Amino acid sequence: MLKITATFIDEITGDIPHQNWLADDWDKDFAAMKAIGIDSVTMIRCGHGRWITHPSKVLEKEVNAYTPVTDLTKLFLDLAEKHGMKFYFGNYNGGFHVRGNYRKEIDINKAVCEEAWERYGSHPAFAGWYLTQEVGRLQWNIIEVFHELGKFCKELSGGLPTAISPYIEGIQLYDPFRTGVNAGKSVTLPDFEREWNEIMAGITGCVDTISFQDGGCDYSELEDFLTVACYAGKKHGITINTNVEAFDRDMPIRFLPIKWDKMLLKLRAAEKAGVAGATMFEFSHFMSPNSSYFQAHGLNRCYQHYLAGGFETSENQ
Amino acid sequence: MLKITATFIDEITGDIPHQNWLADDWDKDFAAMKAIGIDSVTMIRCGHGRWITHPSKVLEKEVNAYTPVTDLTKLFLDLAEKHGMKFYFGNYNGGFHVRGNYRKEIDINKAVCEEAWERYGSHPAFAGWYLTQEVGRLQWNIIEVFHELGKFCKELSGGLPTAISPYIEGIQLYDPFRTGVNAGKSVTLPDFEREWNEIMAGITGCVDTISFQDGGCDYSELEDFLTVACYAGKKHGITINTNVEAFDRDMPIRFLPIKWDKMLLKLRAAEKAGVAGATMFEFSHFMSPNSSYFQAHGLNRCYQHYLAGGFETSENQ
Amino acid sequence: MLKITATFIDEITGDIPHQNWLADDWDKDFAAMKAIGIDSVTMIRCGHGRWITHPSKVLEKEVNAYTPVTDLTKLFLDLAEKHGMKFYFGNYNGGFHVRGNYRKEIDINKAVCEEAWERYGSHPAFAGWYLTQEVGRLQWNIIEVFHELGKFCKELSGGLPTAISPYIEGIQLYDPFRTGVNAGKSVTLPDFEREWNEIMAGITGCVDTISFQDGGCDYSELEDFLTVACYAGKKHGITINTNVEAFDRDMPIRFLPIKWDKMLLKLRAAEKAGVAGATMFEFSHFMSPNSSYFQAHGLNRCYQHYLAGGFETSENQ
């Protein structure tokens, strides 16, 4: 049975509404994570556009960032320590590489990571790095970005582990309602295999773990994509995880918690593919008993029922 | 005062996010239905695409269906029995008739219904059939579909009743925000009358009840459409109900619980039109005190206030 | 520290789903408003299309209005009185001026306001008028509309104050996700200054207060827009307030409560610009501890933390 042992935290975001939690709310939520076996949190990014998680001279200068209300980086580090969890630091998403300037994305992030390391590197919960640049295909000079930033972060921190979380650029992204319009843009399995072999070859030694987002392809294709990914990972010495998306992509409201049946299908597909582990996106909105979305409370109970073996036979409840 | 005595259950769905309820949650919700006078539940479909409500060799073979986590058909039958309610079985929605192959829609469904009857037909709560193929106009060989499937289900089950729930293809479907763009596609009252007379003539004896969805036309038109439907129903020996949609079609979030004032307007229009009864779509998301949407809790209290006569005068609270 | 002392109530609406509250729910919510320092409520409109807040012979005749289930105008007046708050009456939004017939918008509203004044003018909580016609630019004969209706309402009521709440027609309205498509349609600061000086010059003496909606421009531009507005207000003898939008415009779900950090940024920008006060849109859905959206409960706690000085230093929690 594949268990989820890590989650992202998505506080600087472009598409998930905020729950407006204060420190005590977060404390309660870290406890809820721990209660179902999550022992690692990854702050998905320390900034996006002008919004940032902690005061940063670099980002105030480079992108005119707004001074944050709360130092979320410190808050999450402290809570991770308090609850005996590991904290992974997500770097800055400037999107410059997407707009043709990958050099700027790298340079800003070197300064951002250096500043963050100086400020938080000695924190007992600081366990590693997450490179927040998301990608589906071999594009945007992504090998250079991951190679250089992964290497830099490792050298900076005495070799702390680094991770990325790409998506599978499949039909759920292009045509979630199966209208047929953009269906042809989906990546094929052979292209996925070829491109990710090339990417992995280029970032080996710099990126330790790749957690593939599990919501990009059709439910029936996930096992194949992850199998290919695991095979490539083994070849290039990179750990392959699944990143369980706990929200529904194929509903008119974008986004509410996923139907448990779909999540279970994905967990089982990832297990069959042989992934090393499972992280999720993300606990606090979509599977927390504290979520503003009550469908998440249900999902939490379903997941606990799963952990207790409650869905092992096909017809029971 | 028109009272709602039945509800659909929409668990295999394309547009309503799931609440992730386990058996005890459903038990609680059946009790809540009963508490406001609902004594019948219709499982709206036993499958859609690859998602199904109970293990089905037919659908695993024909559409490569995913084995369901829980046998929802059995769960709902058991809960209906426990709470003294009737259960109606919704057939499979393959959509083949919409894509030009009505024969396949019929054939698959004969096998699906046969299999379901064998498996669940002896259950004390099994009270009849619901033909899930939704339609607004005379199209898609819908007469053949309803005629043949209705007849088949009746013969299979010793004459158990059959029902359908079409929509009124009006302005709320084509132009809910009244931008004017697709307003002209709405069905006119004379066309509605002519087409439904023809459909009813073709399915009489095979379909016992038609519950028209009440949310397709403008609020001010509903009484007229339902009056015409009731007149045609009387002529062809078919019971006409209203199917009260308890969600808002004219809000940017698709879909949240409807404003009570709108629902009351529709209930009163249906009553004036002379419908035989009222079912709803659907209790658990949109009018349940257990719903993840708290606006539904309010709607439940408003509806109870209505049952108690609280909105009988125009200015009271 | 800029404090919010007023809120709109948005019960006849085109884009905010209803919570289905009965009188006791509203009573509880007025108490919650009072608890955080709100002492004025503005019923944003007494009608829109065929939906109205109280029985109105005028609107039944003119626009075939539906008789309302509850007399909301009376309910809100009574609750305002009970909780020691002021009530401002929003007039009818017919949108005729937008469609080229501003004369009709004025004439209907004179009759509507006369009828309302006759019915509710003697109520101890009736404190003034709100002209519900929203506008961003100098268009739609808006000067005539505001001038004539403001004057009429003042004369009718012995000089009770009048207010409007325009929007800043900026990039958050045209391009909230920064795709670039409609970005060029945003109003520039010089155009804003010129047009609002002209509007203010035309409505001085008829409109006492302008509360600019704070969500139309980019967060970084708000201080400038409001500074210009305050300067113009001073020149023309009109009070300038900010109208704090407590919902997020830049999320895929339209609309859920805003992230507190964004709201704080807007409050601080308005304070620096020198506004006279702050109203909000609106408490009951987006910042109430009774809201159906639990993100609003969080926002309420954040705002109380702010009132208590909890965000005064940049790094505390």
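Which chain is which? They are A, B and C, in the order written, and residues in each are numbered from 1.
The rule is simple: contacts are C-beta pairs under 8 Å (C-beta built on N, C-alpha and C of every residue); 3 or more make two chains touch, one makes a residue touch a chain.
All of these numbers come straight from a predicted model, not from anything done at the bench.
The copies chain B and chain C differ by a rotation of 120 degrees on their C-alpha atoms, rounded to the nearest 5.
Look at the contact of chain A with chain C and you find different residues on each copy: under half of the numbers used there are shared. Taking the mean of the C-alpha atoms as each chain's centre, chain A and chain C sit 40 Å apart.
Contacts with at least two other chains are made by residues 253, 293 of chain A.
Residue ranges of chain B in contact with chain C, taken from their complex: 177, 219-220, 248, 250-253, 256-261, 264-265, 293-299, 301-302, 305, 311, 314-317. Those residues of chain A lying in contact with chain C across their complex are 14-23, 25, 50-51, 55, 64, 66-71, 74-75, 253-255, 291-293.
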